[in-house]
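What follows are several structures.
Here come two complexes built around chain A, the first alongside chain B, the second alongside chain C.
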Partner chain A sequence: MNKLKLNPSSITFLPILVCIPLAYELLINFHIGGIELFKEFIISALIPKINNEIIITLIKRLNETIFIAFSSWLVSIIFGIIFGILSSDISYKFLSLPIFLKRFIKLLLIITRSIHEIIWGLILMQIYGINFSIGIVAICIPYIAINAKVFSEQIENINLKTIQSIKQINGFKFSSLITLFWSPVIKTLKNFGLYRLECAIRSTAVLGLFGIGGIGTSIFLSFQTLNFRELWTYLWGLAFLIIISKAIFKKINLFNTPKKFLFNFVIVLFCISLFSLCFFVYFIFNKNIIPFNSINNLLILNSNFNSYDFLKLFLETILLSLFSSGVAVSFPPFFILIFNNKIGILIIRSISFLFRLIPPPIIILVLLMFNDPSISLAALTLGLHNAAITSKLLLVNLYTQDKNEYIAMQSLGVAKRTSWLFGLFVKQARSYLAYCAYRSDIIIRETAILGVIGSIGLGWQLQESLSSFAWDEVIIILFAYSSIAIIGELINGKIKSNLT
Partner chain B sequence: MIDILLELKDVNYKYKNNLILNKINLQINYGEKIALMGKSGAGKTTLISILNGTINPTKGRAKFFGREFDKLNFDQKSKISTIWQDLRLIEDLSCEQNVNCGLLGKESFLFALKNLLNISSFNKAHNYMQICNLEKSIYSKNIRKISGGQKQRVAIARSLIQESDILLADEPFNNLDPKLTSKIKNLLLISKNKNKIRVPHTILISLHRLDLLDGFNRVIGMKNGKILFDLEKNKLKNFHLNKIY
Partner chain C sequence: MLNIKKLFIASSLFFSVLFSPLYASTKVLRIGAIPDQNQDVLDKRFNLLSKELSNILDIEVRYIPVINYVAAVTGFRTNDLDLVWFGGLTGVQARLQTPNSIVIAQRDIDKEFKSVFIVNKKLKLDPISNKKELNKLKNLRFTFGSENSTSGRLMPEYFLNDAGIKIKDFKGGRAGFSGSHDATIALVNSGAYDAGALNKQVWENNLKNNPKRTKNVRFFWMTPAYVDYHWVAQGNLDKRFRKGFTEELKATIINLDIKKPEHTKILDMFNAKEFIETKSEYYKNIELVGRKLKKIR
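Then we have the complex of A and B:
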């Protein structure tokens, strides 16, 4: 008998098997109690509420969202570049800095990015109370670390021979370093940095659900009062903001901007980085941190955690990550293969846009209208939200690549789906899987959001412990979260390096 | 003035257990125009990399201006410029930005920043680009968007703008047509300093083509990592060349 051989294309479809346990649990927990509400929710999407009061609130909330998202994006990009440079090997070869500094920075970045911005937000809110600064700081902490990782990876890709040639010119170290880093940094800023703004807007919206302010807060308040028409006004407003921000940044070409503008841009960046550094220092030392006065308790672990329950929550979180990743990886190619025609693709694009737009906590709350809370429901929510993101990338790559093989297969009379599979998808499967490996890192971190809302995994326990100011428990949960995320990142890193 | 600019004594270089250079003894003196000849794989590029301090010998000593490379100061290090066989230009920068990179050893950090932001003065770069026969229309073009021959000339302009004392060039006439080859060769070997252009007085060029030997005053022949002959150009005979090819 022939052995089953796995290749990137088959591996992409394999995780669809997670649908079996998911479907089983979802069917068991299905009820029709909220069907009417769900119908109302769907219909409201087409007739959002529009009146003076709503529009004024929408504009106000959008302004808040822009402020938080743009500030946190800008600060996280600037410091992401700085830490990216400081955590790349090349800097140490050039500047003869002590190697322990690199290790320390890398460890710090791994830990900070392993914890989701929502968790940072919840912790900071408990310590400092609710205000805008919390939103900015909460987003900045993991974003700086994520951006630093991406910038550092790109810097590490600089050709060794180019480094040698610049070294041979024997210029001043900083001059040589900036000359070498310029192109990869600008390129990453263009390709990845602008995408991070979209992420910052989404994160601001999700943090808003927890009371930080901005459009998320209005979305959550409308949902709580079951005012779906109002809810959709805010959601469409959010969509408008994301589309507009993308369109504006697409127009900015950093390589072809007028010289004077570019010079001013660098000065502005410098001022902002200086200002944000001052802001961080001010934020840490000049706020009332009364709820945190039991800092000594952090060192004395006297929690009443039942280790069995804790282990259960820990495993639930891992299971949630695995199921969600399965959905995120396999759904896009599976559905594109099934509905492989113009209308089908249009529908997939529209649905994935909606799943990207609606924050996962709202998706799970909607799904809870006809299903009881369970790991499967949380996994489906997180999986669908991330599948919407992976499908966007897959569709762009599929239809912008060279289609010669596809055309050749079609001309030979091969069925449309088969030609799509072997003529288009096969060429993208490897890079798609590599991107999904990176996405899985994010999914592991995002389990926290669903945990808090959907009573699943460590996120739920974190919420409980934070509410009761049980800081020792919070530390244990953070440690557990961090461990899962770091191990996940290591595994995904291995997968990624095998694929690329 | 120090007459011996570069000196190698019993230099070996091993890479993955292969002996690439074997007991190399060499002195490069002020004002010499040296042609380094040998088949592909003879060790010419490795020798140039040792001469410019990019790699260290596995055995033996390399001295630059009478000192070891690590002990040279910035000023001394920037007296050696190189044209690499694979050019090693910075992609995504324009031609003039790449040429200006040659000034990194002489100018401040602000100059480097201005160069990247495209707001520095390119006058000096333009002078050198012009002398290398580069058309004005490509000055601000991205390095990816120009031809192989144009890239070659940008690399030459970048090393000349360093205004070094010694130029090490690894097959600098690759990608150039015969007319340009002759022009660039004349520029490197014959031109006196003029029009604000300074050409290094000491030059070592690795070559394949025998017809380009005019203008050199010393020829070194290499084979299998060894120097087989090192003599004045006018003493070079056919049998010498037969040894290495």
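Then we have the complex of A and C:
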């Protein structure tokens, strides 16, 4: 097997080349028409609207957001663990389960996670109407599959010798099964599970933009009426929620909690989640069985798609994914390298916080004030949002590692940027790229959101087909999305295995 | 091993929240509307109407806001909304998807509704009288209102096509969707878009009440008349409330009288002098245009 020949550091910087076509198209489409609106948008960030009415609405909306985000996070974590165990090879080495079950579960998980929660939300909303249990289900479907993948990867690392020795001593019991899985599950829950809560909050906010409820709905309504001061009140409210939830979860130390208490707690959570899922299934199917059946009858394909147009949209979506990934991978190290001083890093941190906070559909709506809709604009938006996420990880890893080589190089008189590059960045490049490969999977799925708002690719067609209630077209688009995401996941998996 | 007390408390708390939708009363008349204007305008208009309907019909009436046109159609189909103020296109979509639904009424102005095209003053484009001159909009940044708006998208696109202009003739080969009529004015006024199309009523209201918002915008062209907004109700209201309820509801809406002070404000907010009877057949042309532009399949 050929290994990648280029070194990880150069591969990290190489995607900056996407800036050439991006800058070209953005310059062609640039206009100053909305510059006054943009000025108003920026100034409003400093003077958000504050009065009794808006504070009450903010609290109500945050409450809904917390409810949707927390419920979906809880259910997706618990079912993620269960499906993670059921889809890991190691479970089948000592449990007498049929192997086709593993294959079936794996396939099911691949398909469900290949479609973004926004698309699930839009579809479920069209079928079942407006209520926020739809938001919870929409987030849970792909999140369970993503969590299952991460948990299953960690469970695969269990030492086979441990299993053999348990087998030799007394054979398998339920308690020994728990003991075996306990450590990787809790470790992943600590490292990854809490991060997923932040993701669930963001997803709830974005789903709100499409009408599910919560803070996103207020954000979208204020933007649509160009009420920027109100918009910033909600955005700062969302920032407050994200910061507070992170601070609370940092305080919880899972390793120091008594195991018995945790075990009881997990059982309780599991029972609640199981019942809640039963409730959702009952709620959805009991209430809407008639339209659901009538939609089944509509699955006779008589689409109006012109195959040329469809291919064009398909290619636009792939191009959008590639350009956005290029920006997300290369911008953080590039800008940290250029603005490599305390003030520079502080500015990068602040800007990346804002790009993480403001949902991508709102970013693109702001950028549309002085640029026409194009692939480049959507790619820049998606790229910047994801670069804000990758830069956070890169900064944390860069400045918490051992700095001896960097200090040595500086004391030898090597230029600051050179010593940063060879003393600090080189050691992180490999793991950073591996994370970016994972991030690219997410970018591919997120192209749907930008497409819906920015008139680009399959996302735009999906919105048109959904608003015309053309279910046959919706199915073709979903199939196309799913194929792109699955192929992307396979390629990124290959890159990751070459890097680690 | 299991702490039953904690399990019981946690489960009870969770279920009391999660099952709340099941306890929703069936005796509440839920009103909805397509969000064609600023939410605060809609909130005031429909809350006021709900209060009046509640007083006259002696039932609880609740206004449920929705975020977009599609959600209003879906909410009606899934029985989340009982009575909805639809546009021409969304009304047809909703009725096609909801068997037994009933057309209740329309405003006096909806029999002959019109859309207007507006342009940013910087373009120095004079108003036109012949639709053929719409080709002056080619290569400009153009925005419609919502994707499913009759007066903000469907009919303007129909008249544009009729004049030989396709969407791909606009700058970038695309048209934008502002989401609402008010947003269309704001975006053209700011210069973010060069031109746009919207509901005549909203344009006239903004000209009268919001000079700041329209100071950089100029009227360009007005479309011929077509039928638009109407009230559509579920077909099961008699069964859910009482015998003859749908007729009572229809009469209440049609009998709103501009001479009565309590009704004047409501009718003013709808920009109407009265509500009148209408029939689903009046909307056949809208259905034909909708099918032609593939908004109805």
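By definition in this document, the second predicted complex is superposed on the first by the 472 of 500 C-alpha atoms of A that agree within 3 Å, B and C clash if a C-alpha of one lies under 4 Å from a C-alpha of the other, contacts with A are read in each partner's own complex, and residues count from 1 in each chain.
Note that in this section contacts are C-beta pairs under 8 Å (C-beta built on N, C-alpha and C of every residue); 3 or more make two chains touch, one makes a residue touch a chain.
Worth saying up front: this structure is predicted, and the values here are computed from it rather than measured.
Enquirer: Have a look at chain B and chain C on chain A after the superposition and call it: clash or fit.
Expert: fit
Enquirer: By the touch definition at the top of the document, which applies to A:210: first (chain B), second (chain C), both, or neither?
Expert: Second partner only.
Enquirer: Would you check which partner chain A:351 touches, where first means chain B only, second means chain C only, and both and neither mean what they say?
Expert: After superposition on chain A, A:351 lies in contact with neither partner.
Enquirer: Between chain B and chain C, whom does A:486 touch in the aligned arrangement: first, second, both, or neither?
Expert: Neither chain B nor chain C is touched by A:486.
Enquirer: Vertex at chain A, arms to chain B and chain C: angle between C-alpha centres to the nearest 10°?
Expert: About 150 degrees, rounded to the nearest 10.
Enquirer: One more residue to check, A:470. First (chain B), second (chain C), both or neither?
Expert: Touch partner of A:470: chain C, not chain B.
Enquirer: Output check: A:267 vs chain B and chain C. Expected answer is one of first, second, both, neither. What do you get?
Expert: Second partner only.
Enquirer: Mind working out whether A:128 is in touch with chain B, chain C, both or neither, as first, second, both or neither?
Expert: A:128 contacts chain C only, not chain B.
Enquirer: State whether chain B or chain C is in contact with more residues of chain A in the superposed arrangement.
Expert: Counting residues of chain A touched by each partner, the higher count goes to C.
Enquirer: Quote the smallest CA-to-CA distance from chain B to chain C in the superposed model, rounded to whole Å.
Expert: 7
Enquirer: State which residues of chain A lie in both footprints, the one left by chain B and the one left by chain C.
Expert: In chain A, residues 260, 263 are touched by chain B and also by chain C.
Enquirer: So in the complex, the part of chain A that touches chain C is made up of which residues?
Expert: Touch residues, chain A against chain C: 29, 31-37, 67, 125-131, 133, 210-211, 217, 220-221, 224-226, 260, 263-264, 267-268, 271-272, 275-276, 279, 283, 287-288, 291, 304, 368-370, 372-374, 455, 463-464, 466-470.
Enquirer: Help me check something: in the complex, which residues belonging to chain A touch chain B?
Expert: Contacts found on chain A: 159, 161-162, 164-172, 174-176, 178-180, 182-183, 186-187, 255, 259-260, 262-263, 266.
Enquirer: So in the complex, the part of chain B that touches chain A is made up of which residues?
Expert: Within the complex, chain B touches chain A at residues 52-54, 74, 77-78, 80-82, 84, 86, 88-93, 101-105, 107-109, 111-113, 115-119, 162.
Enquirer: If we count contacts the way the header does, which residues on chain C are in touch with chain A in the complex?
Expert: Answer in residue numbers: 1-3, 6-7, 10-11, 14-15, 17-19, 21-22, 38-40, 64, 66-71, 73-75, 77-80, 93, 97, 120, 141, 147-148, 171-172, 174, 176-180, 182-183, 186-187, 190-194, 294-297.
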